[in-house]
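Before we start, here is the structure in question, set down as structure tokens.
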């Protein structure tokens, strides 16, 4: 069996480095090249293999059967086209091609919401980290039609700092983040909302999401805490999620509230559902935990690539 | 002017130690005694003064004009009575005497919601840490009648580990808490809810609170993120809070989302209000940050004592 | 080829849990049973497999070909004998059988210092975490006879809190450890010293070790910073270590000072050697970083078991 | 009594901000101006007072009686001269004027080593953070002539990240520092060594310092762990330090190894001395803990200014 040569565009960020690591350890992939403009010429080691970062302009796109594009939002679409023209399949991790902001017709790579368009696709838009957690938590309820039309769904989510990228901003310094916690993009200002809304609509939902992200003093992990009104009391709400995600390798519906520790360094999403007591409006609390760099970025990109290429979906990933 | 002799019952916990420190540094108080059953006979230094912890049974209650009772829930009410019988005024930090769980008629020591019953009181019930943050955030809106009757108010709050007390439980070990985050008491199971509900009702509110607390990998601080539907769009919502809390020394209505750093080691509550965009139901996001050990416990107890004794309310406290 | 059934005695501590995880993921081992007296009857998941912890008294020793004994110091030797009598090979992680404190004749399982006694052994004493780091750092210099007789070697080492075990002591609570750092067992009082001294002597060294351990606000990892006088200036000191450890899978002599990050969750030891400038007495600084739970405990135990059983030494371990 | 108007040059860094805070809270000082080139025009609040940062070129030096110069090394000396020419007394926090690198004749502001040159001085060189900890630890032994001539003194010191300044370098990001630990400037390469050596010599010492600094995952604090050979066994070694520092407000010789927690946010230095057992060469371990931003920078600068101006030395500082 031959190894699939893989290129990573934008390997210096946290998602890019995680991708290189996952590719290097993947039993059916090998890292053909990795670009990192500002670190070009520098050596890095992934899975025991050494790589020399290339400038973007020197990316040997034609040598890769598969390209992961982990470039900044806005800079990515152009390189997806170049990689396609060079003959590679592409998983794009930016926001450029996603529902809500990108062009129509690009398959959305959240496999547990649907795989038919992913299998054999040439380009897949990899979801954002927050949308992954929020949509996995809400999809079973939306699809089952259990959320009242026009309802407000409150999402308080908290992310580790790698979600903000490997950018040396003062507010991401250790001495600013440690022993601290704060909300940001308050008032529905986060750029991931368009993606969430578009996918909610495509699933048949008609609801308003109020999304308040927070910055946690941890390196990795997202926990979404979601308050969602339902049309009627549901006696065993977790059963709905268990049924919806039956057979999914990376989704676990758990009996205790999930902790970031349970998912960090894995491609798993842990979901916990409970009924809110003492409410006149029947309401559920849905918790969803993922690793923002794995299921929320690089791991999901590998999962998508496995599907696109017809490889076993979980290959090279930890559940 | 003479110094007021103060006793602290239950000085080994985080709130008790913070109380001892604040009393020792207070310009008009001095630490007469401190009890800590399991550490009796041990020395501790507060504000440069050394204290030897006494057993509860040896507490010289009659030597104190003021007693802070920081005993565990359930063990406190009895000692409040003993201290009263010995002639001291008492601030009780436990849940035993609070609205919702305690007997009627005990003044509730959240001064910014009303001081008339506190001035000259002999016994005051000091609020819980979460209720302090939640009630300060909601009170202006409740009093103004801006929340629809029967509305659901979603509170996602996160607290530092000192909120769980100085108890050597495995789940509070460094290696379990660091780089982790999780919700607990999910589904409206937290014991602070009764207190919140009772005070909301006393303020004239008729609403359902859905409270989901989380454990943060920080030592101190609480941030409450509150989603609250309102009867109509409010163009300058922060003005309502500014007006309600005008003249309050320890409340700041701020223009940027508050961080725990902004309040840690102070008695201040920082409140931020914004309108959630893109919602059919007009909705506000109210954020409130406090230090759980100061405004959420020991600092507020000092503030209450200052009021009870007719001392300047902010004395011995940092804003 | 069949899987080797493995028992873990003392599976509730950090080292015990790490062992269960490594055994469950090992390609040629399977977890036959795990004991945890205080958690008997509880379920735990390792490598995707569920285990029910047994009481010590119910340990089915006869079902295991290999037993890892991760019991507290003092309680271990007795169970090593029982497991031997039941026919299993045993790796003992306690201090009970180690050089300096245990009986003579038990092979010492620091493979990079010598494997001949380990191959085929029935019982191996697994080294302490600090001794592993210190001895790997010093061995090449001792064996080469480059340390002056009677010299003082200063070892300042820092360990993550899992080194202190999964014991709910107040001083290991998050709020006590975070943003803190301190030395302990100061003045050569640490119980690991006897082990270090005995092995130094067995390597032919005649020197005095001054060992000052510190508690780091991290979960995992040890960094030993060692100041060692040498008999003469050595122009390329790292070459001595590279030569000594040639072919070793888990030792890397590195050009930049190692960080804990570089070794955490791996069985590797990273060593860095440099000359101290401006000293009248020729002096080297040797740095050695390991994960205290892997190369310093459970990983090294697997490595020893692989050698005892004649399996490939690195199987089931990450370099 | 009038307030002394104070200017702070370089107020955006961690030391500069700490200085502004201490000045604003000082009972006899007030913050006349603060410069921060890149943040010019921005508002900041210190001790409840708001300040607008000025560009360096707009610093109204003539309005200040006292100027703290917290500019980067190399940029400072020139501004010390300008401030002097404008008539202010100056405490310089950079390395530019310190012993070992600066010109001769500038008083060195480590008051516990000597105050005569500081009282009434116009310019004082404030010590580095590491030198403060190391020199306070060693001075009593040097002055007492207890260290053998030519001896090697091994200093392993660890500092919180604010010691590296408020500079957005990737290696200071939260996700790089948390759960990590590493040595740097290994092999006696740290720029603070010249300062340590010059002061050791001026105290009459003839010894070689081997200094290995480490980066801790904490915001603040330095712990120096010092191994020092002595000419003979000293039965009660702490007595030497207690005697040497008798009457010092900010030095405490303690019986238990100091933790960073004990000194953070104070101007105190805690020193612990013990005999290393089992060594042929009589050897002491001296531990010294300070807050790098207070006693190691801004607090010591205030202490120096108090002495220069004839104010009570401890005014505005916490012990």
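For clarity, chains are labelled A, B, C and D in written order, and residue numbers in each chain start from 1.
Note that in this section a contact is a pair of C-beta atoms (placed from the backbone, for glycine too) under 8 Å apart; a residue touches a chain by one contact, two chains touch by 3 or more.
A quick note: this is a predicted structure, and the numbers were derived from the prediction, not measured.
Chemist: Any idea whether A-C or C-D has more C-beta pairs in contact?
Modeler: C-D
Chemist: Let me check something: if the centre of a chain is the mean of its CA atoms, which chain is farthest from chain C?
Modeler: It is B whose centre lies farthest from that of chain C.
Chemist: Please compute the C-alpha centroid of chain B, do the same for chain C, then give the distance between them in whole Å.
Modeler: Once rounded, the distance between the two centres reads 46 Å.
Chemist: From the mean C-alpha coordinate of chain A to that of chain C, what's the distance rounded to whole Å?
Modeler: Each chain reduced to its C-alpha mean, chain A and chain C end up 37 Å apart.
Chemist: Rounded to the nearest whole Å, what is the centre-to-centre distance of chain C and chain D, using the mean of the C-alpha atoms as each centre?
Modeler: 38
Chemist: Which positions in chain C touch two or more other chains at once?
Modeler: In chain C, the residues touching two or more other chains are 176, 178-179, 217-220.
Chemist: For chain B, which residues count as touching chain D in their complex?
Modeler: Chain B residues touching chain D: 48, 178-179, 319.
Chemist: Per the contact definition, I'd like the list of chain B residues that touch chain A in the complex.
Modeler: Checking each residue of chain B against chain A gives 150, 152, 154, 156, 158, 176, 178-184, 186-189, 193, 208, 210, 212, 214, 216-221, 223, 225, 227, 229, 257-261, 264, 272, 274-281, 283, 285, 287.
Chemist: Hey, which residues of chain A end up touching chain D in the complex?
Modeler: Those residues of chain A that touch chain D are 14, 160-162, 166, 168-170, 172-179, 217-220.
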